[in-house]
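The structure that follows is given in the form of structure tokens.
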Amino acid sequence: MEDIDIAFLTEDKVKADILIEGLPGIGQVGKLVVEHMIEELGAEQIVDIYSIYLPPQVLIEPGGVARMPSNEIYLWKGEEISIAFLVGDFQSTSNEGHYLLTDAYLDIAEELGVKRVYTLGGFGVGHLVEEPRVLGAVNDERLIEEVTEAGGVMTGDEPGGIVGAAGLLLGLSAERNMEGICLMGETSGYLVDPKSAREVLLVLARLVGIEIDPTRLTEHATEMEKIIARYEEMERGKEDESLNYIG
Amino acid sequence: MEDIDIAFLTEDKVKADILIEGLPGIGQVGKLVVEHMIEELGAEQIVDIYSIYLPPQVLIEPGGVARMPSNEIYLWKGEEISIAFLVGDFQSTSNEGHYLLTDAYLDIAEELGVKRVYTLGGFGVGHLVEEPRVLGAVNDERLIEEVTEAGGVMTGDEPGGIVGAAGLLLGLSAERNMEGICLMGETSGYLVDPKSAREVLLVLARLVGIEIDPTRLTEHATEMEKIIARYEEMERGKEDESLNYIG
Amino acid sequence: MEDIDIAFLTEDKVKADILIEGLPGIGQVGKLVVEHMIEELGAEQIVDIYSIYLPPQVLIEPGGVARMPSNEIYLWKGEEISIAFLVGDFQSTSNEGHYLLTDAYLDIAEELGVKRVYTLGGFGVGHLVEEPRVLGAVNDERLIEEVTEAGGVMTGDEPGGIVGAAGLLLGLSAERNMEGICLMGETSGYLVDPKSAREVLLVLARLVGIEIDPTRLTEHATEMEKIIARYEEMERGKEDESLNYIG
Amino acid sequence: MEDIDIAFLTEDKVKADILIEGLPGIGQVGKLVVEHMIEELGAEQIVDIYSIYLPPQVLIEPGGVARMPSNEIYLWKGEEISIAFLVGDFQSTSNEGHYLLTDAYLDIAEELGVKRVYTLGGFGVGHLVEEPRVLGAVNDERLIEEVTEAGGVMTGDEPGGIVGAAGLLLGLSAERNMEGICLMGETSGYLVDPKSAREVLLVLARLVGIEIDPTRLTEHATEMEKIIARYEEMERGKEDESLNYIG
């Protein structure tokens, strides 16, 4: 068993112009965007990545069939652009593993001929956000204008960092002469956030130059808002009760 | 010293059709089942496994003799089936170690010619269970029917995972073309649970097609129930006292 | 990707007589001193050090450009002495990484021909210090006199240790026959402390035999004192209010 | 730099019949015994052991000279027996490091021709002990009689373990066909305990068949008892005061 095991599922010579990463993270924002795109575009899986740096467990699918946790690469060939997507179950459980897994992702990207990497995530602000902005970070200043023209807001007003695969892919892709853009949707940090994901999707689609129907994300966001509203009503109910009780 | 040291105790050419794992875990359910089977069948130890991924200590046997913590393989040859059992002192102390140890267990299984792996464990529910169900998970959907016919209930209604050797053996055996079935007895999670172990044993025996007398597990379960009853009585006694005191 | 990746940025044959380390630590004392010296002297960067033992993240520069965390070597050639400086973003995230990174720093030092290593840091005392002393430790008793003549106070009255790169560089340089001197400015341990850094700079400059204008550190220290004074006033204000409230 | 670096300080061909380990641990019991023996017998250091598994720091000696943390082997040649002693600053900081360091200690022991290993430690009981017993554990049941005849009490009435070097040396020496005896002095676990160390020394000296003057340990124990008595008096004083205050 290798520390990181990369299994190509196809023998075709596969190529991609860009890689879009959406591994689990704050508000599952990146994961929601990439899973939405894979489904809307009908991208197909081409790589399975297993590793001792992922949690030591199996995942049980509905019905009771177990499978190893893995991260995966999907491919979609459009007329003007080919896109590889990186999604999956987990990020690394160790600091060193984050570096080693990201390096493996970039080995694959290089093999696919990827010239630009997009990494997606949530930016936790600690409270519900009515109109989430999409914050951007890049690995080359020449990319800033592109991001802001697509509706992104550059971060960097105060010192900060981006932890995990979304950050390291940005940093380590530069050393391989790939362009790197990170888009982070503002989100509370407490909840899965399809609303934030929708905003990221809109900026990303403009940057990539493809059209993706956001309807299902919008629907998902509407559902979440109903759940939140119901929850807030319950909380208010409790407060009223406790007021009655005191009064 | 190897990171994982596998010592065969016999020079005979040993073969096994199936491997049954019962390493320490929730309610010690798996361990109780496998230790019971080893004793009832008179299986003999054929392998010792030492590793730097096990806790850094020795264990003191009654009388004061120390021994290294180890996991072990036992073998029983029946007329129709040969069974290897994996039991032992500990699971890995690190995430990576879980993967590397499980891989070593499967190397041995492959060498023995094992075609199917059973992994046993407890499924913690957080309260005492009157009639513990035996939950099943498999690594190939063709195995589902067998499990349910033997009395197991397939898991998978909600997302979940199986952590540690019981999970990883299920997942990693699939890559080696071995069938994998995990049986988990419902248990509180607070106590060693021979009652849950007994239920797992009954389902397992049907699946394997052998007869194992569960009497000693039943007796052990009866003792445990007495201990629990006495403890609950004590607790009620305390409540009564405190009522008296208040009253 | 190497576990530790050392990239020389120049092809010139570079030499240095001494190495001065100022990685992040208590009160950022060492970092403040070395960054001040690099700027005052106009030292130039000659080495970039990346490693899987640094935190798994990128850092976002003002404007939104991300870069990998790294530690760096700068070089300044004076008429009488050439100085290499070790500064950077982080220390190791793991115990073993501390050893391996320090070993790599010393490989570079040896290649540069370094004969003496100065390591700088803060010595946390848990309260604000009016006149911070500069405590010294050495890796050879013949260095003690030099330190005390320059105004340092030898530590060692009670058992103690120096953790991280500042300590290990002192210890491991001895095995390579380099002299090692550690200077630690007393500091509260709660705040970035340019005042303590200024004192360390003065002792260090005497030891190295160069002149460095401390004005900017002094200004920085004056600002910090104003901030602290304002904060203490606010705290007193709060106390007065609460007295009023009670009264 | 090696993960574990073993430096012999002599070029003589050195041999030892037994190894006595006293690394830091509960109540520093083992360390006190071995340091006492080294001093009384005038044993000389023959090996330095450095490792990335020890804490990443230097230790400051009185006067201000730093040295790397290390563990050390000392040698004493008597007329009838040669003894190697293992003492030092720290145990491993990681689980895996405990195994790897112990393996390195036993490599040295094997090179010295050691036939038996004694490991010493404290056995924490959670309260002050008037007459500490010396508990024994062995790696071969044939050694039990020797231990009990020397005044040791075999452990093993209830399941237990011995963690760290004292335990692993016992377990791993068996695989190298060395005899192993662990002696643990009962101790509170809160304080350095020379009284417990004295009892361990007496049993050990009988086992080894040498005479060691325990006077200095006895004096150290008397001092500690005075400190404890003074502390208890102070505590009683506080109680009296608070009684006065209430009354």
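For the reader, a short list of remarks on this structure follows.
Going by the order they are written in, the chains are A, B, C and D; count residues from 1 in each one.
Just so it is clear, contacts are C-beta pairs under 8 Å (C-beta built on N, C-alpha and C of every residue); 3 or more make two chains touch, one makes a residue touch a chain.
This is a predicted model, so every value here is computed, not measured.
Chains making contact with chain B as well as with chain D: none in this assembly.
Chain centre most remote from that of chain A: D (centre = mean of CA atoms).
Different-residue interface: chain C and chain D share under half of the residue numbers found at their contact. When the CA atoms of chain A are superposed on those of chain C, the rotation angle is 90 degrees to the nearest 5. A straight line joining the Cα centres of chain C and chain D is 38 Å long.
With centres defined as mean CA coordinates, chain D is found 53 Å away from chain A. Chains touching one another form the pairs A-B, A-C, B-D, C-D. Residues of chain D touching chain B in their complex: 92, 95-96, 98-100, 102-103, 136-141, 144, 147, 154-157, 159-164, 167-168, 170-172, 174-175, 180, 182.
Contacts from chain A toward chain B in the complex involve residues 1, 3, 52-53, 55-69, 93-94.
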